[in-house]
Amino acid sequence: MSLIGEKGVRRILSITAFSAISALLLIALFILTEGLPFIFRYGLHDFLLESDWDPQTGKFGIFPMVAASLWVTFGAMVVGAPLGVAGAIFLSEFVPKSVMRVVKPTIELLAAIPSVVYGFIGVMVLAPLIRTQLGGPGLSLLAASIILGIMILPTVISISIDSIQAVPQSYREGSLALGATTWQTIHMVTVKAAKSGIIASIILGMGRAIGETMAVIMVAGNSVRIPESPLDSVRSLTANIALEMSYATGLHRQALFATGVILFVGIIILNSIAIVALRKRVYKK
Amino acid sequence: MRIRPRYTQWLAVTILGGATILTLAVLVFIIVFVLEKGLPVVNFGFLFTNAEDMGRAGGIFTTLIGTIVLPLLAIIVAAPLGISTAVYLTEYTVETRATKIIRFGTDCLAGIPSIIFGLFGFIFFVTTLGLGWSILSGGLTLAVMILPTIIRTTEEAVKAVPKSYRQVSFSLGATRWQTVKRVILPNALPGILTGIMLGIGRSIGETAAVIFTAGSSLRMPSSVFDSTRTMAVHFYILAREGISSENAYGTAATLIIAVLAINLTAYWMMGRFIAKRS
Amino acid sequence: MLRKTIGLISLVMIVLLIAGCGKTRTSITLAGSTAFQPFAEKLADQYMKTNRNASITVQGGGSAVGVQSAISGAAQIGMADLVELPPEAQQLTATIVARDGIALVLNPNNKVANLTLQQVRDVFNGKIKNWNEVGGANARITVVSREAGSGTRSSFEQIVKEISLAKDALIQDSNGTIRETVSNDPNAIGYLSHGLLNEKIRAIKVDDQECTTELIMAGTYKLVRPIYLLVKGTPEGEAKNFIDYILSSEGQNTLKSNGLIPAK
């Protein structure tokens, strides 16, 4: 390394430091150049708000997919957020440290199980259950919400635990000294102090739910329709891309990249909010 | 009527505990479900013979190779980039606008859905660079995908090296690079390895990005320009197309065990790292 | 330690690159129709057993991709299973290597045995919503169709005619996933390649004609489409040999024993 010298090393490192940001820009560039021309040609309004998707006859309205993505994400939140936050509070406030040291990594393992495995279990176990107990085709918004809700649990739990543990012990002691019960301390003091971290964990979980593809294709049924009930089959933005990409040519292909643009922009906005929320937590600490 | 605080306390603990138990039960159910159906299929022959008849018969050897090669390539590319980014951010600069932008970019990259990586890899590596559906396209796409993980974990690991180590090194006349090379990186190594393990874990489980960039050929690849199929993709295809649920479960069980092993190694390393520090 | 690691990594990369550049074999790629893909893989395996230095890669992608990749040269042979080839395919040499029936399939628990072509049309258009309208049990019909762009779907719609798919139809992206979905749902109806029928699902009669190799060859079962192999210019070299092999009696027999209909 002496060949390069101290300045050379610094220069090399400073160049590589831009690898992540340039990758991001490259991704943005390629997705946008493939998708934006289509959006301009077709019209953002028509593309986003029309609900007819029939590529064979040149109809490219992705409103049903936008609605489905939002509903599925909302559903995943309803399932995953309360369970996750509750789990995080319980594990960090009521469980001995030694147990927690085993349980937290175990829960984080959920994040490492390939999403296709979740999807498959959704198809084999959950969908038949929904079909026989509640009706409809089984492959549905509800099935997708539950599977995604389970998938985001580890994200929500582990980030929430981190931010709850970051709350100074003195806060809790102060509250307990004033005669509050543990639960009063938790919901009036600890959770309030850890709020931004918990919110960030939920937003990151939302990002994962919106972005998940294969598991959703497997369990959501993929009908192009605005759902009227949780038992209806739906198609998310991600599913739309992955289902049709391999067959698409010409305008159809561009429309799928344009779907990618909408997804990309949506995710970046969501991420930025989460990042700002997490930063706040860091500064508070 | 006001509910007495002690009742609310009891109620809260019950609900929270119930939610935690439910969460753990789901985890255990998923793992047991797959292992119970899959493990009986997994044996030496299953792991080391090639798939026949689209995976209906035979084993998963080529997909095992694909599952090793793709993440390996991704790590070979992403690890040097990620580690040097992290070293630059922590050791060579103070917080400026540029580092803020780099951090923001890294965080954003971490949140991008895999299908977008798949689209990007398809259009950039497969089409524009003309690499085709290949190990190279897939590996590079995965490299981009896991880069943020490696940057973040390395940064944490490097930051955790005590200030005093640096001061001692500098006072002995070492340059900054010598300090990084001899003092900081060796001390941060377990943390860095954890990041690499997490990256490997993520690329092993990935489907959407891989299917668009590495294709799904079951043939044994003879070079990095050949298409390959990873176990996750193989499982997806077997299970979804109903080719063979037996082999699908077998693949999933192998996959879960591999991922568990990798994660446990990562945690073990992290544990040793923390123990060493304190 | 670090220098060693870096050295090792660069060594691995160099080896990978050399291994990558060094190989130049007579290799051809087939891409396109997912319906024909499994058969092409099987044929390629057999072909390569006797032709050791040939390397044939089979990719899916769908019929549209088959046409595109043959034109662009991304694949030497495109596979398409369309009733009508798109106009841009005129620059390609198209060889019919097989024909394929499209079977309408139900869950084995569904007792309906026959639908008229008009009933099929109404079911997929969403006009007939309950199985009791076509002589079955009182249960909502779950229509399962393929995604836009699929060759099987366009062939199906071209043959049945006047289909504008019901909004609540489930969409799956391959023959195999249609089969799985129908086999999991007692009220589902879908369609798939005749060659991919198995015991998990049941093919029904259309206009009283059963979906069998004999009736398809006799021309009485109507839902049939040709499978084309597309080559840019005149086929030559390995591509020609492989197509000739598929058309040979050995190749055609393989197709037939696996459920496809021979070309002639």
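Every chain is named by a letter (A, B and C) in the order it is written, and numbering of its residues begins at 1.
In this section, a contact is a pair of C-beta atoms (placed from the backbone, for glycine too) under 8 Å apart; a residue touches a chain by one contact, two chains touch by 3 or more.
Since the model is a prediction, treat every value here as computed from it, not as a measurement.
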What's the chain with its C-alpha centre farthest out from chain A?
C
Using the touch rule stated at the top, which two chains are linked by the largest number of C-beta contacts?
A-B
Determine the centre-to-centre distance between chain A and chain B, using the mean Cα coordinates as centres, and give it in whole Å.
17
Separation of mean Cα positions, chain C and chain A [Å, integer]:
34
Counting only Cα atoms for the centres, state how far chain B is from chain C in Å.
34
If a residue has to touch 2 or more other chains to count, which residues of chain B qualify?
80, 181, 240
The positions of chain C in contact with two or more other chains are 60, 180
Hey, what residues on chain A touch two or more of the other chains?
1, 123
Inside the complex, what are the residues of chain B that reach chain A?
5-6, 8-9, 12-13, 15-17, 19-20, 22-24, 26-27, 30-31, 33-34, 80-82, 84-85, 87-89, 92-93, 101-102, 104-120, 122-124, 128, 144, 147-148, 151, 175-177, 181, 201-202, 204-208, 212, 232, 235-236, 239-240, 248, 252, 255-256, 259-260, 262-263, 267
Chain C residues touching chain A - in the complex, by the definition given at the top
3, 60-65, 67-68, 142, 147-150, 154, 167-173, 180-181, 184-185, 187-188
Please name which positions on chain C make contact with chain B in the complex.
1-2, 6, 9, 12-13, 16-17, 19-23, 38, 41-42, 55, 57-60, 74, 174-177, 179-180, 183, 200
So in the complex, which bits of chain B are touching chain C?
53-54, 73, 76, 80, 132-133, 136, 181, 185-186, 215-219, 222-227, 240-243
Residues of chain A touching chain B in the complex:
1, 6, 9-10, 12-14, 16-21, 23-27, 30-31, 34, 82-84, 86-87, 89-91, 94-95, 103, 105-110, 112-118, 120-121, 123, 125, 150, 153, 157, 180-184, 186-187, 204, 207, 210-214, 218, 238, 241-242, 245, 257, 260, 263-264, 267-268, 270-272, 274-275
